[in-house]
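Next come the structures, one after another.
Common to both upcoming complexes is chain A, partnered first by chain B, then by chain C.
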Partner chain A sequence: MSGSPYALPAIIVVTVATIGIGAYGLRFSRTTSDFLVASRSISPGWNASAISGEYLSAASFLGVAGLVMKYGADMLWYPVGFAAGYLALLLFVAAPLRRSGAFTLPDFAEARLGSRTLRRWSVFFVVVIGWLYLLPQLQGAGLTLRTLTGAPYWVGAVVVGVVVTVNVANGGMRSITFVQAFQYWLKLTAIAIPAIFALIVWQSGGFADLSGAQSPTFDEQTEVRVDTAVTVVVAESLTLSADGNVDGGDIDGPATWGAGEHQIAAGTVLVFPDGAAVPHVSGLPALSGQTWATPLGSGGASPDHPIFATYSLILATFLGTMGLPHVLVRFYTNPDGRAARRTTLIVLALLGVFYLFPTLYGALGRLYTPQLLITGQTDAVVLLLPGAAIGGLLGQLLGALVAAGAFAAFLSTASGLLVSVSGVLSTDVMGRGTVRDFRRAATVAGVVPLVVAAQIDRLDVSQVVGLAFAVAASTFCPLLVLGIWWRGLTDIGALAGVLAGGALSLSAVLITVLGGELDGWPGVLLAQPAAWTVPVAFAVMVVVSRATASRVPPNIGRTMLLLHAPESLGLGRGTPD
Partner chain B sequence: MDPVEAREGQPPRRVRVDLAGRAVRRAAYSRQELEEQTQVGEVLIRGLVRAQLGLALSLAGVVILLLGSLPIAFALFPALSEVYVFGLRLPWLLLGVLAYPLLYAVGRLHVRQAERIEDDFSKAVGTDS
Partner chain C sequence: MTEQAERLTLTPEQYVEAQNSPEFTELRRRFRRFAFPMTVVFLSWYLLYVLLSTYASDFMSTEVFGNVNLGIVLGLLQFVSTFLITTLYVRHANKNTDPIADKIRDELEGGQNA
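This part shows the complex of A and B:
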């Protein structure tokens, strides 16, 4: 499996452009602090494009399609949740947060409750969530370069990690709204145009059935190169030819595989005949089109308890968005609370348009690139579909376009995250926020996830992102929502809630990432923890605040006025008490 | 006679009070009350927060009702997944396409209503003192 020969040049162009704009931005951002200027001059339209550009990450660009291809209808909740998170942000957070004047989550925590301890723990969770979210960006980069060029997995991760770290440490990409805004339109173009061509191909083939009784088959003779050793399950015996090492023995020529498991060593090349059923990586059930197309079927990502898993995912994505560190910073560039609301509304529209497309890739991938199910690396479907479905020069050019869009996604999201993480690290942990502190912090913030990302290529990109959402929903969501709407919140209550939600969700994440698969209820409770960790965090916050009611900040009335009254009235912003 | 003219001359014995003037004075009074956290001010700001929270919760409720009921509905009535609309299975049409315009519509409604609540609050308080 290889991509278009034009993909590598396209990736290089995007990367070099990012570095170039970063270098230009270095001079630009020294003279004009974009965040200060922007707060007066940037319209909601530009701002919304920039927010969407930064938000659409590897998970949105590659991961959603990969999950849809693998598991089918239940995975449609991922993009719906990624978009709906902005509705929750709009309803409960956007305008009051902008009015609070807080630039980061720790700023908000301290301004609202006046607790340095709470601030420090908020910094801790900003860093944890930022790193968790950076991992899949680097993973996606590794996967993309390997798919397109055959380079080892770690190369892409290192390229993106180093480019972004150096760039951010030098001050580039820091706050240039128009670059991030451009990234949105690049990503939309890169995912939409090839999808439209692929749709036309599908239509001219008479809309081949995607939801029939069969599981995917090869519709032509297909050569598959296995990059990492894999165990596959064959449903019915099939004849193929193989070159490499299968089931512990060297082979070069025709072979017949009986039904059951077969181990394929790295570097083996398999050639499947036309019409053969596609073997699936062990652990991934071979779904018939019917099961795949039906929600809550036996074949989803959590076959034991699909309803619980679905609701937990909904909760994590709906409530997690507001707690992502790189999302909130951009709200500060709105001139006032009303503009923050209008910006969020436009973001909802922009994301809604984008998320129509990944689903198409996932569905058509079962027709045109079924070989991805052998290795389970379905995250590559977006990259390979244009070449496989459309073919020819056009297919190769469109393949290069999606590759460029994917890299734009890794670079822009990773930059935004790294800026946020190094921002809080440099002001709260490693110094006092000088430029030199920021550079050192950026280096640390970039290297840590890079080292981790080089170790894991087993997990799906979207699933890691889902875990980051779960932690954000279990910590910052209750802090923001109760902090904005409930007078009774106390510093100790907030701290207890953040720690409870954070410890529980983080343990679940670590067990899932490090410990591998668990069956039954423990497995699903840990793989999709939000449904219990979010309510626990809220409950602890409320109960402990009630128990420490004497600690409610004395100036709470003024704070409420500041958060909720329109700025034009100038209320709550006069001389401090 | 205009009150301003009156002040420039002799101290006025009578002050003409019109309705607009009274409204301005009452508004300035409640601004001060808000800033000083008097009980009247408390009531005003509590009312604003309650109105905005009520709006946000009820719109969230609409989304929870419409989207949140889908997994249960698909589980209870598997036949729903076999319904085709415009060549798409119902779950794919609802989640893959229609969910997004729904989210936008709810968001739009929220922006409009939230601004209306703020305008009412501004009117009650007066835009400038």
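This part shows the complex of A and C:
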């Protein structure tokens, strides 16, 4: 498993270009307001590219393909939900929030309910969600560099972490808008062109069957190097040759594995013969093509309770998008409501087109890179498919292109998150929002997840992102929706709801991330918490607000008018068009 | 910033008046009449897909062409439907709510200048 010799130079070019464009944009950013919202002077086309560029993270670029390869068609829910979240955001939140004149979620909380305590807790959750979402970006970078160059896992994480921190601290948001827009088109090109070539290869091979009765097999003699110790399940006994340590004994030469589990130590090299069935990492069912291609055929990552897990995921992505700090702030960069709507439409088109490709990689990965199922590290399928399917110089060049796109994904999403987290930190925790405070905050905001990311390399990239969505959906979604649409919300009600949803969803996240796997209902409830934590947060918010109805802000009528009167009325603190 | 200069300043009475005006009520009604039913339609379509996948897996694994089955086609259609609903909303807002907003504005500005 190694990548193309051109991958490293390609990654360096992308990184340098990102820094270069950032430096170019620097000349435009002068005041703090420029830094945070780019002065609301960006056209819908640019803005939509920038939103998409920022949104298509490691989870979209690597993770979706990895999940599709592992679990099958059900995993389309991740991208569908990622896109649909924008619709929910547009319908219920985007326009009123812009009109409120609040730059950030904590600003909104304070303006709507006049509570400093609520504001502080909002800051806390913005930072937590931002960091949770930053982790998989750094993790993705670590995985990419390790897959392509054999560098230790922490190197990629450190490179992306440092580049992004320095860039954000120096450029702010205006420059980032250009960077993000550039990144979308780079990512689309990088994922589409190799996919098209891989499709041609698949076609010239007579469209090898993907949805038949067979489980994945090796279609040629394949050498696999196991980087981290793994337990695999063999369905039928098979003969192969191994060099290293298997089932606790050293081995160098041919071996026969009986059906059942086998432990393979790190550093072992296995050579599978042509036609052998691919052993799967323990816990990952070996799916026949037919089960794989049928939605919910396998029950996906939660085979015990697939409906609950899927509904929960839909809810988390649909409602969580509005609570992602780096997404919301982008809507301020539209000059008016009409432009904001147009922007959303373009974003959906851009995302829809993009997500076709990871799906394709996941599917073709089962044919061309089935060895990833041995280790379970299917997040690497996008990186390895071009070399495996196409081969030769062209395969290597396309592999380098994909690697560049992956790095673009980590850099752009991490930048957007870092801008939001440091914006909030600089105004609320570490100063009064001056440019200098912003720079200091960016440094802190970048270093913390870097330290954590260096520790975890076990989780699926998309899984961690899904958990960030669940926390956002359980905290900011009820706050925004009820805050905008319900007069009866009180400061205490909002605080109680945010804390209840936040505490429950965060506990679920921590148990999933740190505690390993649980079976049955407890496992599903913790791995996909949104379906119960979101209703709990809404219910607590409503009940406690009812109980404290005397605390409804006295100027609520005015606030509601401010939120709901269209921009063109020019009322209040929003920008008239 | 120029925002400040262009901003309309209203007295509390004018706020109340604007808020109670039939146009503003109509505006919110038109928004709700569109947004809430649409959300229900669109969530039901998602949830239906999940139910179909679970209880009608034979139906979903019907091959449409080559390796592509009905489940995958419907899955990809979720993207298309999300996009369609958004298009409908954008058209609705441009056609049905923006003109009223402009009208309210004209009346308020007329009132202020008089």
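Here is the rule we use: the second predicted complex is superposed on the first by the 546 of 577 C-alpha atoms of A that agree within 3 Å, B and C clash if a C-alpha of one lies under 4 Å from a C-alpha of the other, contacts with A are read in each partner's own complex, and residues count from 1 in each chain.
What we mean here is this: a contact is a pair of C-beta atoms (placed from the backbone, for glycine too) under 8 Å apart; a residue touches a chain by one contact, two chains touch by 3 or more.
Since we're looking at a predicted model, the values are computed, not measured.
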Simultaneous placement of chain C and chain B on chain A, clash or fit: clash
Partner chain in contact with A:153 - chain B first, chain C second, else both or neither: neither
Which of chain B and chain C A:310 touches, first, second, both or neither: both
Interface residues of chain A shared between complexes with chain B and chain C: 73, 76, 80, 83-84, 86-88, 90-92, 207, 211, 293-296, 307, 310-311, 314, 338, 341-342, 344-345, 348-349, 351-352, 355-356, 557-558, 560-561, 564-566, 568-569, 571-572
Chain A contact footprint on chain B (complex, rising order): 31, 34-35, 37, 41-42, 45-46, 48-49, 52-53, 56, 59-60, 63, 67-68, 71-72, 74-75, 78, 81, 87, 89, 91-92, 95-97, 99-101, 103-104, 106-108, 110-111, 114-115, 118, 121-122, 125, 127
Chain C residues touching chain A - in the complex, by the definition given at the top: 1, 3, 6-8, 10, 12, 15-16, 18-19, 24, 27-28, 35, 38-39, 42-43, 46-47, 49-51, 53-54, 57, 60-61, 63, 66-67, 69, 71-72, 75-76, 78-80, 82-83, 85-87, 89-90, 93-94, 97-98, 101-102, 104-105, 108
Of chain A, residues touching chain C in the complex: 33, 73-74, 76, 79-80, 83-84, 86-88, 90-92, 207, 209-211, 290, 293-297, 306-307, 310-311, 314, 318, 337-338, 341-342, 344-345, 348-349, 351-352, 355-356, 363, 557-558, 560-561, 564-573, 575-576
Residues of chain A touching chain B in the complex: 73, 76-77, 80, 83-84, 86-88, 90-92, 95, 207, 211, 293-296, 307, 310-311, 314, 338, 341-342, 344-345, 348-349, 351-353, 355-356, 359, 485, 557-558, 560-561, 564-566, 568-569, 571-572, 574
